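Shared chain: subunit A. Partners: subunit B in the first complex, subunit C in the second.
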Partner chain A sequence: MLDDLRSMERVMANDDIKITAKGVDVYYGDNHAIKDVDVDIQNRAVTAFIGPSGCGKSTFLRCLNRMNDTIDICRVTGDMLLDGQDIYAKDVDPVQLRARVGMVFQKPNPFPKSIYDNVAYGPKIHGLAKNKAELDEIVEKSLRRAAIWDEVKDRLNEPGTGLSGGQQQRLCIGRAVATAPEVLLMDEPCSALDPIATAQVEELIDELRQDYTVVIVTHSMQQAARVSQKTAFFHLGNLVEYGDTEKIFTNPEDPRTESYITGRIG
Partner chain B sequence: MFGLTLIAVFALGLAMFLTARNRAVALAGDAPQMLHSRPNYHGLLAFLMATVAGMAVLIVAWTLWGAWIESRFVAHILEAQPELSPIQFELVLSDARAIAEGGIASTTDALREQIATEIGGQTALHHYGTMILSLIAAALAGAWCLKSAHVGWRARNRSESIILRLLALMAVIAVATTAGIVLSLIFETLNFFNKIDWQVHKFLFGTTWSPLSGVQEGKLDADKVGAIPLFAGTLLITIIAMLVATPIGLFAAIYLSDFASARTRAWAKPMMEILAGIPTVVYGFFAAITLAPFLRNSGESIGLSIASESALAAGIVMGIMIIPFVSSLSDDVINAVPQSLRDGSYGLGATKAETIRQVVLPAALPGIVSAVLLGISRAVGETMIVVMAAGQGANLTANPLEAVTTVTVQIVMLITGDTEAATAAGPAFTLGFTLFCVTLLMNVVAQRIVRKYRELYD
Partner chain C sequence: MIDAHIASAFDRDLEGIQALIMKMGGLVETAISDSSRALEARDSELAAVVRKNDKAIDALEEEVASEVARVIAMRAPTASDLRTVLSVMKISGNLERVGDYAKNMAKRTTVLSEMPPVNGTGASIRRMTKLVNVMMKDALDAYIQRDVELAEDVRARDTEVDQMYNALFREFLTHMMEDPRNITPCMHLHFIAKNIERMGDHVTSIAEQVIYLVTGEAPDDERDKADKTSYVGH
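Up next, the complex of A and B:
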């Protein structure tokens, strides 16, 4: 397992904290899904959430941009600060929050619109472009950022649903980037993709950290090791261990983390 | 007699079932697992063979024998009185039947009496003969099963193949009936066009509808069968109905699928579907007795003259009737838009309204369009409401406050009126055929759209 680890530079752009969670509990009805989680997510770095299925990592990720608000029975308590501001405060509009904290989902979900309109959707609703020329520019920049521009530049008016799975996922990443978020949340972005598309998306994630704070949930420990600088290991709703990726994978402190990364649990 | 024979054949089949099953049990003896087919399949095969053979013989013998008897009487009457016209001919025959059954005939004469006595004897022979024939056929088929049965007898496979054929037969009957109805519509339509000397354009584009006023010597006056006022009336009422049904139905569907809480949906949806269960005749008299006078009175109070039978009243009530069709179909397609699309939109910071308007509705649009098209085809074919509330006079107007008439209303008038059927049938069938073409086209288009939509998400 450890042989797989690709050595990579783990230079942080800076050490400041983008998101702070303190004593966060999440309940789905009577089910206590997340138990007293404290975590500091670093700015301009990739943080990976790993852990066995049902451990709560996706649930926690969805708390970071209040996507859980759309589920009636879900309740979140504790402090969740973005740039020091409580995102669950009464005066925070989840819609505005989600413009700052974008999200890419497990299954590619392009809208049944043209490729261009998929990317232009966010900028349009947030009024980021004054005119068509600016919008064109944002679309091109976002698609370039998502490393898919060269593949789609001649077919921007074709439906986004007609692309291959890997292209669709990169289109979705481009779509999320287009709204100029500060944080990008990715919920198992490669689980529906083949190895080649996965490699492309991973490369993209690594590039994205120059400009964005990226939080990624993944089932693949190799992926976490390849793309992230920080790793958090969740187990049964608890945050077991959080630290530098290299340390988690080479010298974990908690025996449960070690069991998981060596394949004994999960 | 026919029914009695059917019951007898069926009873014989049941007896065959029990006998064959017992025989199979006996054949197997101590080793039931040696049987290729379970005893019940032996019984089922015997039952199917007996009843199918019995019924087939019954139907064939009954009709052929009956036709043969009929032809003999016809020959007989022709021989005696060759100068009779076809109608008088039928009269003689029906009189003779009436006498034979002890009923009242129009006149009694020697010929009729003679045929009557013959009919009595022949009919009894016919009835008992077919009964005996079919019972014999059933018994033979059952007996063949009993005789052939042995341990390795493939009763299951055989009975399954019989059942398969019976199912196919039922499917053929359903399809053939449809084809038959369509063919008779086409035939009567051509017949009607023949009566107006193939001036089809006068039917399709003429503006005077009074088909029964120009009848002479089997011909209709082509200038009086212009169906445009009917088409226009249908169109006007359909437009009013869809103006009512589309927004209410669609917005209700959006509210129910994306905004309402689970508890609201739990009672609101069934309530809307109750609307679909109200008989159209109730809507009809609601329109005629409640809404039309209300519209008339409120029109008067603001200085508008609204006819007591108006396109508006009929259209509004028809729209109410169609709401549940539009809303429940739209609700289905809106719910079929994957949650992942909504999440994707929310994840980009879109509000619920933006998500619905820009993601959910475009994705569901084909389904919504087909829901509306199905609603239109309901509206075009709707009869009771317009019969009661829209009026009968074929006047060509685009004013919804006046009385108009529709295709369906005119069909009802033609068929229930006191004109003889042969004359009234032509225009009625032709209107029916036109209606059929329009609704068929609408349904085909709607289904195509739905199919195209399904390919997108499965």
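Up next, the complex of A and C:
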């Protein structure tokens, strides 16, 4: 029975590719932060980026929705394709891109607005709702998706900052899914949360992969093992190993991956 | 992996459970050679010692199981650490079974020493036991050295044990047909031979665990069982 369920999960991790990176290099001034990375990120699956601090995993994640554009000295070269289209092409509007490729950060960062407005903000500026009723619907749907609706439905007008850390993070996930993105990037979404809130967010991530492509950066190896189908190990700006999470955690090919995931000095 | 863990207590945990395996292995090797000597010398006292010592092997298996549970719970081992823990678990099970077979051999020795000896079978059983014991020693060495080549060699040698068993099977049949009074001792001896053959299978399984531990993949090629003697009806 368990075997059947697990193999179904594996089947669902299909070969459909959402994002393709080819020969991607990232420089911060003279610092070569990402070195010639090739990676294919699967559609409707969770991909985890792991690696020691400073290995480039967050930098690479931020390339996927051009968050690095905001850093003046940052330069990205190589091809980064979303559904086969270069996201660094001149005619791509980064704001539109980020509506398609949403992001959730390490620290929950709700706007200093009501719970309702936190979620409604994105759909409003992108003109996704024609009227108040439609907007209400998007807000409810997003908060339900983020598994927080039941906890906040009676206090939608209270400030989002008044929620607990775990609730705030789920609110931020709700805010991210409100613009109906195709890809959700998460940069250590649970590092500021307690184990219960972490489990809730992980459960949510597992549900989200039915509809979204999720890419998560995490320092918790166990979290990567629990939530992802694919794992990429970064080390000193190189993508050392990329493959099925199961394989990475039971029998990795590269000794550097082995050293890192088993907690050895590598 | 030669590198040490950042958490040195993890290294001590893993070394600890592997030390238990080696301790178990030592006791099992002694049990095999003692039970074999007892059988040959018709020594009921030595047989009694083997039976008594089996409790220590069983206790070690329990200790391995609880240590493994603790390491999994506390350390969440991955990759080669995970394989180490899993292989320890299986190997301790194999060793415990081999210990049981040695104990059973000792029990039958006590019964057999009350009966007239059956000519010509002692040497064959001794050779077979010796072969299995050397395989056991090599399998445990392969485990400690993480030596895949030696483990493969041990696996290959099991065929020899199977052949010796098949030869003994035919020999027992002959003795029983010659003289019905041989039937009771020959049945006991046959069970002993069968048990030694089973010991060989457990040793092979240990060797396979070594291969899994080192390479991450279990050997999958079926070993050839050419001789079907023991399945032929008469």
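We adopt the following convention: the second predicted complex is superposed on the first by the 252 of 266 C-alpha atoms of A that agree within 3 Å, B and C clash if a C-alpha of one lies under 4 Å from a C-alpha of the other, contacts with A are read in each partner's own complex, and residues count from 1 in each chain.
The definition used in the following text is that contacts are C-beta pairs under 8 Å (C-beta built on N, C-alpha and C of every residue); 3 or more make two chains touch, one makes a residue touch a chain.
Since the model is a prediction, treat every value here as computed from it, not as a measurement.
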{"item": "Overlay on subunit A: subunit C relative to subunit B, clash or fit", "value": "fit"}
{"item": "Subunit A as apex of subunit B and subunit C, Cα-centre angle in degrees (nearest 10)", "value": "130"}
{"item": "Touching partner for A:Asn251 - first (subunit B), second (subunit C), both, neither", "value": "second"}
{"item": "Partner chain in contact with A:Thr262 - subunit B first, subunit C second, else both or neither", "value": "second"}
{"item": "First, second, both or neither for A:Gly102, with subunit B first and subunit C second", "value": "first"}
{"item": "Which of subunit B and subunit C A:Ala225 touches, first, second, both or neither", "value": "second"}
{"item": "Subunit B versus subunit C, judged by how many residues of subunit A each one touches", "value": "B"}
{"item": "Contacts of A:Arg175 with subunit B and subunit C, given as first, second, both or neither", "value": "first"}
{"item": "Smallest separation of CA atoms, subunit C relative to subunit B, angstrom", "value": "33"}
{"item": "On subunit A, positions contacted by subunit B and by subunit C", "value": "none"}
{"item": "Subunit A contact footprint on subunit C (complex, rising order)", "value": "1, 3-7, 10, 76-83, 216-217"}
{"item": "Residues on subunit A engaged by subunit C in the complex (per definition of touch)", "value": "221-222, 225, 249-252, 255, 257-259, 261-266"}
{"item": "Subunit B-touching residues of subunit A, taken from the complex the two chains share", "value": "65, 67, 70, 72, 95-100, 102-105, 107, 109-113, 121-122, 125-126, 161, 172, 175-176, 179, 185"}
{"item": "Sites on subunit B touched by subunit A in the complex", "value": "261-262, 338, 340-351, 354, 358-359, 362-363, 456"}
